[in-house]
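What follows is a group of structures, each given as structure tokens.
Consider the two complexes below, in which chain A is the common component and chain B and chain C are the respective partners.
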Partner chain A sequence: MIEITSPPVILIAILGTIGMILPVISILRKEKGSSSLYGAIAFGALIASIGYVVYEVFTNQIPQSALFSGDVLANDSFSALFAIAMLIVSIMTTVGSFNFMRGQSHPAVYYSLILLSTIGMVLVAYSTDLVMLFVAWELMSIPTYVLAGFMKKNPSSNEAALKYFLFGALSSAIIVYGISLVYGLTGSTNIGVVIAGLATLDPQMMPLAILAVGMFIAGFGFKMGLVPFHMWLPDTYEGAPPTITALLAAGTKKAGFAAALRVIIMGTVALNLDWSFALAVIAVMTMTVGNVAAIMQKNISRMLAYSSIGHAGYILIGLAVAPFTILGIQGSLFHILNHAVMKGAAFIAIAGIVVALGITNIDKLKGLGRKMPIISIGLVISLLALAGVPPTAGFWSKLMLFGSALDTGVPSWAPWLAIAGVLNSALSLAYYGWIIRKMYFEGETEKRIAEPKSIIAVMIFSIIFLVGIGVYPDPIIDFTKTAVPSLSALITPSG
Partner chain B sequence: MADSVFLAISVLTIGSAIAALEVRSLIYGSISLMGTLGGIAGYFLLLDSPFVAMFQIAVYIGSIAVLILFTVMLVRRQLIFTKVEDPRRRYAGIGLMLIMMVALGAIILSSGIKTIQTDAPPIDFRTIGADFLTYYWPALILMALILASSVVGALTLARREDMEDDQRTN
Partner chain C sequence: MTNELIDFVIISIALLAIGIYGVSVKRNAIRMLFAIEIIINAANLNLVAFARFIPNSQGQTFALFSIAIAAAEVAVGLALIIVAYRMYKNVDIAEFRSLKG
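Moving on, here comes the complex of A and B:
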């Protein structure tokens, strides 16, 4: 049995308890009082959680390679990396919501659902059993369906929630179908046992195993926003409250990658399938569709939603070259962590703009650099990091991803992935540059206005993180290196 | 014998699922949904899993479907959405479904699934219970949190904002 003091159990205890208590406090207070109180309690719980995970990492109590476990949860550095990324996103969302939720109804439920969804996200990364993975997946998704539609009087928010729910339910059904197939084939739901079972499968059963892996790709692909499973994403990201969009784009999406790394990559290796080329094609399609569509957008939330699809394509490069080099997955993990902060910061900045000015149209961002200088600089840094401009964190992770595709000489198509990635990054700079131009080079008569303080706090953190990692990336690179061997031990031999 | 029962259950399940989607009246739709859920319980019985079948009937038909029926009867019957019908979408959906069914059927038939042993003893429900409290205990806690978040979220979304508290109590 998993130890009671291991991080996933402690996270369930802290976040679950506070998540359940918040609505009760609200009822006891008769739903009166400041919404910041609930935000502060949620913030405290999240800080305690991330503090515990970081403490465990720094005191070397987390084993480096424990990809599979005889239990439903594994406490390894791979999971710890995802847990830290997701907890950072949840903290950014919670703090960013202080101003956003002022005057809105049901703040206690709002923060409670963020905490419960965070447990799901983190537990997806820790899961080593398919039933556990699915239950965590649902705990991550169900609160976000509600949060996407939290602005009940806003038709866009309702549309966002409904689309997200329908596609989410479909993806869950597809994942369950995949789980039932592998359970039928191997007689177990433990991922380690399943992988071992698939490796020694009767060749006659191979089509069913391939079907199961295909189901996992489709099911997790919906959440990751891979083309052609991305249709729901722009409408949902545009319609949902921007703080919740930050949670979706930077948090739940990354949980999809955690699940994909544990299940799909391992499954393809066990089945000895050459899916690398298929993943490479999906990667190029995803990044190209995302970036080309982003150029045509006039709404900044929608533009960033498409850019998010593009980034899913970049991360997929690492997964496509995973059987040939460990640098691929390392680059993916690094970019997942960076993208969580970059995209989270960008959407929280939009939340700040919505709170102060109520606009999301790019044409109306004229002179924003003068009106809201701190939020603007935070947005600019996150956009530059998304484009991969040095010295920001995004530069290093993109370098590692594209470098992994160039370095591995085995499949002849691999360098083309790097070329596609560089071209798409150049393309993305065009639309990020357009936003920056509007903010700083137009509307010169604009006067400064008051900026939401909680959003400023998130911006300052993001600037320090993105520039700090950009200047001194070594600690994070080392950390991602410790998370990779657990995967590469299995992957490298088949290459 | 099993084949004819399987076919009968399949017709019931799929037929009532289509009816649940297509029938205009919400009440008839909910009753059709009960038929689908009952059909699924029938599959579990055929698969020698009476325990799961019993829970399928107790939970899905006994409580969830009845709850849906009550909700349908209690809410205002006022159309809040304008239905936009597009026959092309309907045909595209049916076409996509047929392609999926044929593809999945072909994969299943081409695999050696017929050789799977079907005489394995049914799983003892005590084992399921013991597994939930030992191996799957974190999943059990998460399920509780899922239910709690669903209830809290649904209540928040369903609550009418245009009513004051005193109106609500009256």
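Moving on, here comes the complex of A and C:
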């Protein structure tokens, strides 16, 4: 049994209770208007949750390798890393929404759905049973379908939500089918038992096992935005409210990687197939398609959506070389944490621009650096971090990812992954640079305008996070190192 | 009439194929939703059939979970489709063109 004081249980208790109570409070309160109250309550719940997880990590109460437990939830540092990343994203979204939700209808429902979705994301990282994983996956997805369409009167928000829903529902249907197949093959839904069962499978059953793992890749790949499952992603990220896009790009996408690390990597290693090469091909395709398409975009949300696809490709490098080196998954985890903050910061900055000026067209960003200096500097730092420019956090995680591909030497194709990654990073600097040029080196002498305060707070946090880790990355690298052995211990014997 | 496991698996894979066909060919949002439901029910059929031949009940439990979750998902999906219908007077997703790049 999992202890009652372990982080996942406490997180469900705190976030679930507050998430359920918020709409009730909004019904009981007579006067309308102040949406910030609900935001503040949600913020408090999230801070309490992240505080508890961080406290557990620092007091070393979290075991390193409980990746496969007989239980439905595992309390290990791998999950703790994901929980911290997702809670940071939810906090950024909640705080960024203070200004964004002013004057919108149903603020209590909005914050409540963010909290429920956060429980889902965190539980995806913690679950070690396929049933639990699926329930958590749906708990994460269903609130985000509603949130993407939250601007009910706005046609593009609607369209974004409907497309997101159809592809999301398809992906979860495919995941259920994959789970049903592995249950039939191995007689269990516990991931550890499933992996062991797949490793000793009757060769006659191999086609079904391959079909099942392929379905997991497709199903989780939809959420991760892997090519060729990415077609919904730019539309949804552009049309959804920008704060929710931050939650989608930085949060639910990372949950997809958490599930992928637990399920796909293990499954592929257990099947003893050359899946690494398939993942490598998907990685190169994903980053190339994402970055090349991003260059041609006129809308900044859409551009960052494509860049988000590109980053899924970088993270996948680590998964592809995972059977050969520890550094691969370590780099992936580090980049997942960094990408959560930088993508979240970039989309919250866009939310700030939308709140103040109502524009998302890149041509209209002229002189933004003088109009909204703090949000602009936050956007610039996060864009530079996305490109991987040295004094930011993005540099170290990209260095680790590309270094892991160069280091292994075992599969002859691994160095090409690093080359593709570096070329794509150079390409991405071109379009990030274009935005920065528009903001600072074009336009006339614009007057400074008032910036949304809550979004300034998010910007300041993310600047400190990104530059701080860029200057002094050691603690986070050590933490990712403790999160990895739990995975590699299982990879090495069978791989 | 025999109760062989393979019969159920074949039916389930046929349903999966129908579902995938429906999702990839149809552009009407409600038809796509139906096709997705067919895939989920194919998986449920699989789970229940396997649970009959495996000495534990995890499969049946999971089938119950999956039915409940699918119902929740459909509720949200139909709500989104209704909102879209009010706006566009149409549920054909090929006709939604406010997002293009």
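The criterion applied here is as follows: the second predicted complex is superposed on the first by the 489 of 495 C-alpha atoms of A that agree within 3 Å, B and C clash if a C-alpha of one lies under 4 Å from a C-alpha of the other, contacts with A are read in each partner's own complex, and residues count from 1 in each chain.
Note that a residue touches a chain if its C-beta (ideal position, glycine included) is under 8 Å from a C-beta of that chain, and two chains touch if they have at least 3 such contacts.
What you see is a predicted model; the values in this text were computed from it and never measured.
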Quick check for you: in the superposed arrangement, does A:Ser6 touch first (chain B), second (chain C), both or neither? neither
Given the touch rule stated above, what does A:Gln297 touch, chain B (first), chain C (second), both, or neither? second
Contact-wise, after the overlay, does A:Gln204 reach chain B, chain C, both or neither (first, second, both, neither)? first
Which partner does A:Ser36 reach: the first (chain B), the second (chain C), both, or neither? neither
First, second, both or neither for A:Ile119, with chain B first and chain C second: first
Thinking of the overlay built on chain A, is A:Val146 touched by chain B (first), by chain C (second), by both, or by neither? both
On the A-aligned overlay, A:Ala136 touches which partner chain: chain B = first, chain C = second, or both, or neither? first
Do chain B and chain C touch any of the same residues on chain A, and if so, which? 131, 135, 138, 142, 145-146, 149, 152, 184
Under the touch definition given earlier, write down the residues of chain A that touch chain B in their complex. 1-2, 8-9, 12, 16, 19-20, 23, 71-73, 105-106, 109, 112-113, 116-117, 119-120, 123, 129, 131-132, 135-136, 138-139, 142-143, 145-146, 149-150, 152-153, 184, 202, 204-208, 210-211
Touch list for chain C against partner chain A, complex: 9, 12, 16, 19, 23, 29, 32-33, 36-37, 39-40, 42-44, 46-47, 49-50, 54-56, 58-59, 61-62, 65-66, 69, 72-73, 76-77, 79-81, 83-84, 87-88, 93, 96, 98-99, 101
In the complex, chain A touches chain C at residues 130-131, 134-135, 138, 141-142, 145-146, 149, 152, 155-156, 158-163, 165-166, 169-170, 172-174, 176-177, 179-181, 183-184, 187-189, 234-235, 238-239, 296-299, 302
Residue positions on chain B within touch of chain A in the complex are 104, 107-108, 110-113, 115-116, 134-139, 141-143, 145-146, 148-150, 152-154, 156-157, 161
